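Take a look at these structures.
Each of the next two complexes has chain A plus one more chain, namely chain B in the first and chain C in the second.
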Partner chain A sequence: GLRRCLISMDIHHIEEAFQEIKKTIQAKDTFQNVTILSTSETLHSIKPLDVCCMTKNLLAFYVDKVFKDHRELNPQILRKISSIANSFLYMQKALQQCQEQMQCHCRDEATNATRIIHDNYDQLEVRSAAIKSLGELDVFLAWIDKNHQGTSA
Partner chain B sequence: DGVTVLPAPQNLSVQSTNMKHLLTWSPVTVPGEIIYYFVEYQGEYESLYMSHIWIPSSWCSPTEGPECDITDDITATVPYKLRVRATLGSQTSAWSTLQHPFNRNSTTLTPPVMEVTKDGFHLVIKLEDLGPQFEFLVAYWRREPGAKEHVKVVRSRGIPVHLETMEPGAAYCVKVQTFVKAIRRHSPFSQAECVKVQGETLPL
Partner chain C sequence: RAVLCISGGLPKPTNITFLSINMRNILQWSPPEGLQGAEVTYTVQYFIYGQKKWLNKSECRNINRTCCDLSVETSDYEHQYYAKVKAIWETNCSKWVETGRFYPFLETQIGPPGIALSTDEKSISIVLTAPEKWKRNPEDSSVSMQQIYSNLKYNVSIYNTKSNKTWSQCVTNHTLVLGWLEPDTLYCVHVLSLAPGPPRLAQPSEKQCVRTLKDQTSALK
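Now for the complex of A and B:
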């Protein structure tokens, strides 16, 4: 299954990079009572069968949208975001290679959950949405950890 | 932007061994003056999606020497573009960019240094600390015809690891290689080292 795909991902160093900027990023989030990733009916209700598609969709969400929409001037934070973004790019490529040998179907459940996340994102002003999604990276990383037990180093 | 007078640094190259990456270049010299260099990098993500973004290196913005340890900047297994420029007061050179992007999966992995010892009848190995990205694959066997080779994956670093309880008079041999999960590559095996319970380490 997907564990074999992401088994060689060094998720641990991504978590470390995020922990170093989490406080600063979350402090910039001015809409504390709103969430993009962690509404209960999205990530936490994803079934094992949909994990691959959801992982693919969320990597794309961050790579194609969040990291691009965020503007960062602080070099220390920029380095950590770059580290995470390039690691997600590597994961996308590894997942792509893996998909040729295994199924990564997108059923309605995963497609709907992804749309909810994009809808949540689009309801906020783009910079606010990007900063909030960055601040919720730990939700996504924890979800990856939980669904790919063997991957964290 | 300062007036570009200084020549740009030349001959950029990266030497990478065991996931330690060093960017070097030919120094720019102005008699009697100290030249400072600024190093910046761009991961594949920035190249693809934000090509105007260059990130100042963690340790070399600025630096005096014609080299820069970029290990802490290269944190994903994707191609990285690197560039350097020289400055002297308000004078700055043009940027020089590394000819080919660097990917850490090209690092040279060397056989690890090991210390094989006996603690009474216990075969013990101690491995050099190469950092958190390294695992060690230790192969050991009893030196006799048809002996089975045992393999143990060691993740602890720099501390003795018990391999086997030896039988008196028997000789045991050990070899080891590293594995780096982030780039999915192994090093070559080290030379085998053998010990005999009541004897000294025997060269092969």
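Now for the complex of A and C:
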């Protein structure tokens, strides 16, 4: 069976959507001395076996927390964020099938790494945490690209 | 020794950005406007995203040039960074001007691969060698950009100088044989490296040309 559950979708249009708003979003993040995802010990230490669970957890983190907590006045940025959010919902559905086939098992490593990310988020005021997490979407997307290579175009 | 100066007494440098090719990361900027002829110097600092404080780059303190090599300081390409520069002239200095967040893994330009061509009558063999990551010392062991981007791709463009036609192919492996070519014809090739992630600038290779051999069968008649 699959060692990990791969997402069969094209990450590039999400990357391009984010690329267009990245500078604006990151410029709003004024806490340069704090990161949410970027502690390289967190994401980069994830083993192939834990990729599916970690992907599922991070998609949920963005869909259920970040996109909801973020307030955006600029309609163009809002449109891009909505497009990214919809893509994440699609990816969640794709991973759901793995869940049903029990190929998305969550070991302690992925659970602990997810908790670190949520703890980092909760240490900041919610709007600042949301804008910082959005600013770090390129880290998450690069991690997905690297770990779900088998399927991206 | 830090120079004491009146902050904001000078206009800021402009166009601050990282020029990054194969993980060689050079900070560059333009002089402040309106100070032509003045002996302006610059001081640079950098910041590792998520860390606590700005760090000095001693080799880029009170320098005349408008660039600073931060490759060593930004060599962990999976981290992200900021850099800033200020201008100094006599007892005045500008406020700092800062880059956006710089993420070498996603932003470095991938240099062109090495290209070796060999030919016979109707085909050309192309062997590509992935570009090398910048290294601090020439004697350091080489790291291929392929080791960083395992799904590195190449866009190979081929130009038939006789028919004036160009076509291109996207390949992932390092050897490519172009078949069904015309004998005794000059073909020119150039190659672009493509890394995953959002679109990024890339440097095309030099154009290399090779002539297919004469058709031996017609030569014997």
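Keep this in mind: the second predicted complex is superposed on the first by the 145 of 153 C-alpha atoms of A that agree within 3 Å, B and C clash if a C-alpha of one lies under 4 Å from a C-alpha of the other, contacts with A are read in each partner's own complex, and residues count from 1 in each chain.
Please note the rule applied: a residue touches a chain if its C-beta (ideal position, glycine included) is under 8 Å from a C-beta of that chain, and two chains touch if they have at least 3 such contacts.
Quick caveat: nothing in here was measured; it's all calculated off a predicted structure.
J.: Give one word, clash or fit, describing how chain B and chain C relate on chain A after superposing.
T.: Aligned through their shared chain, the two binders fit side by side on chain A.
J.: Given the touch rule stated above, what does A:D69 touch, chain B (first), chain C (second), both, or neither?
T.: Once the two structures are laid over each other on A, A:D69 reaches no partner at all.
J.: After superposing on chain A, what angle in degrees do the C-alpha centres of chain B and chain C form at the C-alpha centre of chain A, to the nearest 10?
T.: The vertex angle at chain A equals 80 degrees.
J.: Which partner does A:V34 reach: the first (chain B), the second (chain C), both, or neither?
T.: second
J.: With the two complexes superposed on chain A, say which partner A:E109 touches: chain B (first), chain C (second), both, or neither.
T.: neither
J.: On the A-aligned overlay, A:R79 touches which partner chain: chain B = first, chain C = second, or both, or neither?
T.: In the superposition, A:R79 touches chain B alone.
J.: Applying the document's definition of touch, where does A:L89 land relative to chain B and chain C: first, second, both, or neither?
T.: In the superposition, A:L89 contacts chain B only.
J.: Residues of chain A touched by chain B versus by chain C: which partner has the larger set?
T.: C
J.: Just to confirm the value: shortest Cα separation between chain B and chain C in the superposed three-chain model, in whole Å.
T.: In the combined three-chain model, chain B comes within 8 Å of chain C at the C-alpha level.
J.: From the superposed pair, tell me which chain A residues show up as contacts to chain B and also as contacts to chain C.
T.: Dual-contact residues (chain A): none.
J.: Would you tell me which residues of chain A are touching chain C in their complex?
T.: Where chain A meets chain C, its residues are 12, 15-16, 18-19, 23, 26-27, 32-35, 38-40, 44, 135, 138-139, 141-142, 145-146, 149, 152.
J.: In the complex formed with chain A, which residues of chain B make contact?
T.: 43-46, 48-50, 53, 55-56, 58, 61, 73, 75-78, 132-133, 181-182, 184
J.: How about chain A: which of its residues touch chain B in the complex?
T.: Those residues of chain A that touch chain B are 8, 10, 13, 17, 63-64, 67-68, 75, 78-79, 82-83, 85-90, 153.
J.: What part of chain C is in contact with chain A in the complex they form?
T.: 47, 49-53, 76, 78-80, 82, 100-101, 103, 105-106, 150-151, 196-199
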